[in-house]
């Protein structure tokens, strides 16, 4: 395989589709949200994307079978205004140029389905444990910025200071060049831990924006578990407790 | 040379061929098994594979001549059910994309010879000295998993946790996309030492699976030597002995 | 996007144009000069250059919108002898080969506009705080060296000892192969700090060479601010003062 | 520039030409020998080789002009049996694949001139100061090994143990695939210092092999200077003398 390759299922007809990208990144926030949506909505897989820009790696499943690392596209036919395309995956590109190529592929798909808008989901790492849940935004046009502010998304001048790196950033940047509306929703998170609580915050905003309902029980449960871990970490920080060997800590990624 | 290049000898006619891959990796387990088989079975070289994805390096032979680093394919006409193709080599790809390209080349060869199955051999590093010999498996379809379990191959959910990286993994993953049955046999090993004992364990399974006999004396001898080293390492670990300067330790790779 | 891509505005007619390159580099000297010129002269943007050789990154603007990292070309119609093309940008290439490709693109543009000469601006890092302002030069032909010496530009045998790395160097080197006159003007700087004072020194030389006037007030102001910081650093060096937490230090890049 | 590019002067007619490669490497031994030969023999430059696989860098000359890093080919019409082609340069490839591509280019040139043999010159780093001068060899066929042994070149089984990495190795390895005789002559050297004494040892062998005379005065002078430095280093090693600040040490590269 010397080129990015797409395996396609039957192409669905979608109504005013919106593309949601949730590839792995800071705190796995985007990935948690997108995978949760696929699960809860029962979205149907319509594409697998393989690429030499991903690491040369297979993942071993529960039953001992393997599968090549990949990105996947799911489709969900909604009863609301917008059908959804949801992009999830094991990895982002392992190379610089690969990011540009793959995001180009994602935008080709967006154009093929005439998506009205793209939401790129991610985390915004602040380097310390986060008390309150908040969602930072960035968008590739000012109209979108204004619209998202109404939903409580925060926009701060020049933040993140280092820009947005990787697929979420490039989808917005390359999307602008093609005239595709795209916004990034970033759950504020420590950046140290997989953060289902931050994912919940992002999902709440997304549900409001898309006027859909997604059951959050599973995510809440994971968030509650994580809360316990965070509480312990705080204790340890304050009381100089020795690190626990509690099994719960195995979730720390 | 700007492309992967194959030098071909005369193409043999093979009966129900099976491809065995034993490139360098964890504990050099796969390499030890495959090179031992080539040696003991008197397999005949039929291809040399050169690639700009290998390191820019030549190896100096005993007589002062050199040869470019490469992968080699050997053929063995068996009296049993399956003739064998055995892939060995000095290196795996040095780059990400190179892994995808080279494994594509290996699968082209598998298709050219209409191989029935591929066994990718490797080591499974557990980070500590290993007492009992065991062979972990992974496969690109569930039928193969079931079949291999009968031969004592162990399958554990999601292990190796980090997936299988490099040629052995990709051959299974890319093989699946092409509909080629492929399984990985991984000798459990410390990961710190070249491990002929683990290689022996893998070879035993492979001989049963393929219904062939391979003389193991040479491998047993190397394994016995290594056992002595391991015994010394254990002593040192337990008794806090100072590291020996014994010549035997020169084998530690 | 798998290739370097240029978005073009209307092509201006330019009189004896000179190209000025000020991409990010040592002490951001070149970038400071070129961006200051664009600002003060009111130069007009005529091209945006995007490339997979840049980092996969977008920059967040003041209003929450983003833009893909890029290089930009501005044109300025002068009342003097030479119209100007000014090349600025967020990044240089992130890869070796990318530098060669992008500088080839810059020289294609230079040839398209039949530029008479290129000035590549940069910093020359000496590893310690610099008292006096001086500008080092290098050029791709001896006539240019002689001419620039008249303007006080210093040339020292084999300096910088490590050669000139990146866009400024390659524009001269590849320019020579195409027969395009090009010189590098390097403000001597510590290399530790963004250095507007050094930028001022380079701009003064450039104004004399091009026989143009550029208001330096903004640059002087930034230089004055930086002077204060440098003074503090000196004090700290000499008096072993503990590092200050003064807000002014936030400018140190 | 996105491809390796050759600028050619007038092509000379050469008699039984031999190609000598002396690119930078361990102890700069090969480079010292080849550049010394170009100088002393008054060889004439016939090609310049530029490549995006070299670092993106220009070198500043004595007069303030620059030149792009490159490799150069010189031709020398001898009165003896063999005319010479001598390959020197500022750098080897900065990338893996680049090594393969560039050595392919060198071999294209060798074939274009129908060279009878290639001598790739280099250093063999042993990690400690070297008392006696000796030259290690490797070749891409056994006849060459036997021939070179007569000239005192030493061949040891599997040495260098790590193989020969870079241009010298690849020229032999890729040369073998094309049926071009090639040998590597490696001056034994510490690997820590630029080593003109080791270069002298290599040059002596090469002069005998090629039946030519090359004045060695300049190289002897540099070797004598280096000897003084080495003597001091030895003293320091033995007597635990504090490091000298003697100006002679400036040559240590």
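The letters A, B, C and D name the chains in turn, as written, and every chain counts its residues from 1.
The rule is short, and it goes like this: a contact is a pair of C-beta atoms (placed from the backbone, for glycine too) under 8 Å apart; a residue touches a chain by one contact, two chains touch by 3 or more.
Just so it is clear, the model here is predicted, and its values are computed rather than measured.
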How would the subunit C/subunit D interface be labelled, same or different, where same requires over half of its residue numbers to be shared? different
From the centre of subunit B, which other chain's Cα mean sits the farthest off? C
Taking the mean of the C-alpha atoms as each chain's centre, how many Å separate subunit A from subunit D? 53
Distance from subunit C to subunit A - Cα centre to Cα centre, in angstrom: 38
Can you list the subunit A residues in contact with two or more other chains? none
Pairs of chains that touch, anyone? A-B, A-C, B-D, C-D
Please give the residue numbers of subunit B that touch subunit D in the complex, ascending. 1-2, 5, 7, 50, 52-53, 55-69, 94-95
Contact footprint of subunit C on subunit A as seen in their complex: 93, 96-97, 99-101, 103-104, 137-142, 145, 155-160, 163-167, 169-170, 172-174, 176-177, 184
